[in-house]
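Take a look at the following structure, please.
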Amino acid sequence: MHHVILGAGPAGVIAADTLRKHDAGAKITLMSAEDEPPYSRMAIPYFLSSQIDEEGTYLRQDHGHYKNQGIELLRARAGAVDANNQTIALEDGGEVQYDRLLIATGASPVHPRVEGLDLPGVHTCWTLEDARAILDRAHKGDDVVLMGAGFIGSIILEALVSRDVKLNVVEMGDRMVARMMDETAGGMLKRWCEEHGVAVLTGTRITQITRSKDRLDVALSSGKSLRAKLVVVAAGIAPNIGFLEGSGIKTRQGVKVDGFMRTSAPHVYAAGDVAQAKDLSTGEFSVLAIQPVAADHGRIAALNMAGHATPHAGSLNMNVLATIGLVSSSFGAWDGVEGGMSAATSDADAYRYLRLEFDGDRLAGAQGVGLTDHIGVARGLIGTRLRLGRWKDVLMKSPERLAEAYVACAQGIR
Amino acid sequence: MQKALVIDPVKCTGCKQCELACSYVKEGEFNPAKSRIRVFDFHQDARFVPYTCTQCAEAWCQRACPVDAITTNEWGVKEVHDGLCVGCKVCIIACPFGTVNYNASTGKVIKCDECGGDPACVKACPTDAIIYMDVEQAGFGKMRQWAAKTDTAAQATQ
Amino acid sequence: MGWTGQVLRVNLTKGTCTPEALNKDWAGQYLGQRGLGSKYLVEETDPKVDPLSPDNKMIFATGPLTGTCASTGGRYSVITKGPLTGAIACSNSGGYWGAELKFAGWDMIILEGKADKPVYLCIIDGKAELLDASEIWGKSVWDMDAWIKSRHQDPMMHVSGIGIAGENGVLYSCIINDLHRAAGRSGVGAVMGSKNLKAIAVRGTGGVKVDDFPAFLAATSAAKEVLAGNAVTGEGLPAFGTQVLMNVINEAGALPTRNTREVQFEGAHDISAEAMAKPSGKDGKPNLLANQACFSCTIACGRISKINEEHYTVRNKPEYWHASGGLEYEAAWALGAATGVSDLDALTYANFICNEQGIDPISFGATLGAAMEMYEDGALTDKDTGGLKLNFGSAEALTQATELTGKAEGFGKELGMGSKKLCDKYGKPELSMTVKGQEFPAYDPRGIQGMGLTYATSNRGACHLRSYTVSSEILGIPEKTDPLVTDGKAGLVKAFQDATAAVDSAGLCIFTTFAWTLEDIAPQIDGALAGEWSVDRLLEIGERVWNLERQYNLQAGFTAKDDTLPKRLLKDAAKTGPAKGLVAGLDKMLPEYYAVRGWTEDGVPTNETLSRLAL
């Protein structure tokens, strides 16, 4: 049995490890298009802030891990998949035969159609290679413009601030982290940034970037312009599915998988940022490009590839973010479900906010700012669909008692 | 042989000796806010519940960690390696029990590691509400089942 | 170490919160909490100050062991001039609040002046600020607690504050923390109310360190073993709470009954620990559901009780159907024996209200007992009481009176003056069972002679917690003495007073001394603090604290004449029980007591005594 995994991000690596655990004799090939040991994009901000060196970003810290596990690392990029013949054509000309294939090719940054995004000094922040380039250019006192204040942009934001650059953030949406949190939370984050010396221009587009000598001029939709030594682009990501064109493997947003992480082609599975899999909150199939989901996908796909039929009940969308030390998080249907009730508590001065969304007497979603103690229980409550009973009434009045409610329900204190 | 912390809330009086012992061993001071075990006070229901990590077999925190900073030791305990932890906090949202917490003063996460097989909370508990015993004897499966409910895989696959 | 070294000074008039360094010299001489707080009060205020004026200060003080793993190391005291007595007041409380203050980085809070509108003090670690309390002024302690936690989105906050009684100057209103732990006596709540300060909310995420961790851990572990192995602290108190005493004291003929007309209560068994443990109500559950420990306490004597949902007091009030702090012995006595009421659920309800509105059940029950006697004697009429039928034994009278006093409404306002002022007002001063204006608790000095001297000489007015000779006279701890004799009681009382003052200054609970002697305590303090801390040093500190408090009271205007007991105890002999025919033999003990204290015949510390104690 030959398992081939395309992509050496968290989904790919966890799949490889899981396969080894459950299929001791199989041949496992882990293919990576990047010329790096498998690493984690989640760790890049900490590399940028010099908290860790490059090795600190590696998904497996044991240098001999892949060798010891009998996992073959192959540096190659897949050009096409022939599902009928169970082969992968490599971009550099070779071909790999597989018995089971996992597509875990992840996503890539989106490049909006803005003139000047290809200029030197304009970088995405997605790969280790990108990070090295940014490290080269972002030094104390440098003018830096960050394009995009979504989740990824906001994570990069903290790393850039830690490098003591003069930072301007330009976000075309009406608030920061709009796909993770509501107006109240987004507004709190923005105010926090501004209080810490970072200008955040929401509702603003970058219309053009031009270069004169060693300086970039960033023109804004407001008519103003910003000067910069470096522009970091974080305008969103899209699944890497282009190479599947013509393969017969169905794609829409991403690679469509069923409840067992199987794609439309026999023996082909998908996981991670590239997979369009079940969302626990909505019941629909969508791309949830986050680390914990990639980890779930990778494991479940691998179990199925190894012959242990394991249904995927759906993954939960969740995010955690630190913005210049202010921690925020969101879980599941943070914006509410139809007919559900909602409770919120907010202390603007203290930068604390918590909003809970219920589906009947079950928690459906949550978002918080400034809270970290026991926040994982939000995942627990949403994931188990635990009925809160009278604790729902308690939470409607006092959302901050979420951890108590969880422990109480788990202990039968109702 | 895998051992586990087994908690009997009925015996707990809410004295917080466990939190004091834990924080002393882990932080070198008495500091319940940094204890890896926490006593929840439900005195209106006449109940106090010491609460900490169950060391689940397929640990969400461990799987979610992007930098391999959480490992399983020979007793099945999930340990955070401070040198590797970057403080990204993915594990604190991934843990459905809420038992991995963020320590803002160090920028790392903290969780129970059973003190290397000799848990301080157990020794400190005056009423034997927290004991440390063999997993099979402890009927620990119940907690595991509970844990499994959160899993995105509907079927246990340990 | 043992100390954070930081004191928070809050000037309510100016609205300022200012940190300052703890006076380490004083800490060396007065240890902490009761002793050290009293030293600050003595140094900073005039003993003649009107207790309810802005010039009075109040001090929330922890001890060096507060916030450590020493068993019961979670306590704090409120030190101020008491409005009920006009004497120095020091009320001690457990729960979790004191330790939280330490974790926030503060040893002590000094409150001075008066806010121009209701405020609460919010302390989150190093940040302290006075915030608007207009939304919680007029609310009960329970509602206030929930509001503050919700307002700050932090269920782990701990709140200490006053209910409606304290806002309205009920002279025995207390300060309640953690919903049902009280700095209970002498009306410290009214002082807080007079300053327009509703509450102090604290959240601390810092740590407490001690001087020598290995020595400290060894000493505290050994001491915990002692508590666990002792019949009272290891078995009696966890199982029965202080209520273990109800039947014992009744048998001893020392249970003051119906305003101390009698010394035994026929309903004692119905309100005892045994009754609390008996299944009742339609769910078959007993009144007592669990025992709760205060912070760091390995005894866990606290009662968590529930009122029978069918009971008339709560039948239509589901908001009282949850469990909360249940009856301790003193409260059960005051609300029960002192009023002749033996309805356990009514007592539990009254106790809930006392906690919810912040009133001291001892003074309240004793005052109600006095009112009942005046009512039955005709000194109080229905017109005076607003229609309340204050008959001894009436549960309805008890529960209605508690509600009215808690909210300072109707006749409750008069009850809120305390028994001394109430009996004076209605021309029956001899019916007030008080010393220095404070109602005495649940031990009749005719049946336990040492308690007569204890009450008469207590620096905060009649009190059992200043020298609990019951321990020796009834329980035989540390050695048995005869409760019916006066011989040797002067020395016994002094020894208990000094040791207690030391324990109260350490951050520990006095209940530990059922099992511990200072030999167990000294090594714990020695491990926590720099320097040498011996038993002798602690005893000297205890004696110093006692004399400091005495000096304050003398300067406040008290004299030896105030070291006395109500006439009823001195003249009317006990009618039943082992003490039948006995009166309290205070006259036989007091002169000897002054002598062993090194005081003049007028009860004034001699210069020699003062200089010996470096006062």
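Letters are used for the chains, namely A, B and C, taken in the order the chains are written, and counting of residues starts over at 1 for each.
The rule is short, and it goes like this: a residue touches a chain if its C-beta (ideal position, glycine included) is under 8 Å from a C-beta of that chain, and two chains touch if they have at least 3 such contacts.
Model, not experiment: these values are computed from the prediction.
**Q** Between A-B and B-C, flag the pair that has more C-beta pairs in contact.
**A** Top pair by contacting C-beta pairs is A-B.
**Q** Which chain would you call central, comparing Cα centres to the global Cα centre?
**A** B
**Q** Where the centres are mean C-alpha positions, what is the separation of chain A from chain C, in Å?
**A** 57
**Q** Just give me the whole-number Å value for how far the CA centre of chain A lies from that of chain B.
**A** One centre to the other, that is 27 Å.
**Q** Could you please state the distance in Å, as a whole number, between where the Cα atoms of chain B are centred and where those of chain C are centred?
**A** Chain centres of chain B and chain C, defined by C-alpha means, are spaced 38 Å apart.
**Q** Of all residues in chain C, which are in touch with two or more distinct other chains?
**A** 156 - these are the residues of chain C that touch more than one other chain.
**Q** Could you tell me which residues belong to chain B and also touch two or more other chains?
**A** Chain B, residues with two or more chain partners: 45, 47.
**Q** Would you pick out the residues of chain A that each touch at least 2 other chains?
**A** 373, 403-404
**Q** Can you name the residues of chain B that touch chain C in the complex?
**A** Listed in rising order, the residues of chain B that touch chain C are 13-17, 20-21, 23-24, 27-34, 43-48, 124, 126-127.
**Q** Per the contact definition, I'd like the list of chain A residues that touch chain C in the complex.
**A** 345, 347, 350, 352, 354, 371, 373, 397-401, 403-404
**Q** Where on chain B is chain A touching in the complex?
**A** By the definition above, chain B touches chain A via 9, 38, 40, 42, 45, 47, 49, 51, 58, 60, 63-64, 66-69, 84, 86-90, 92-102, 104, 107, 146, 149-155, 157.
**Q** Within the complex, which stretch of chain C touches chain B?
**A** Touching chain B: residues 67-69, 96, 99, 103, 156, 179, 204-210, 213, 217, 224, 228, 238, 289-298, 300, 304, 306, 322-324 of chain C.
**Q** Which residues, counting only chain C, touch chain A once they are in their complex?
**A** Answer in residue numbers: 146, 149-156.
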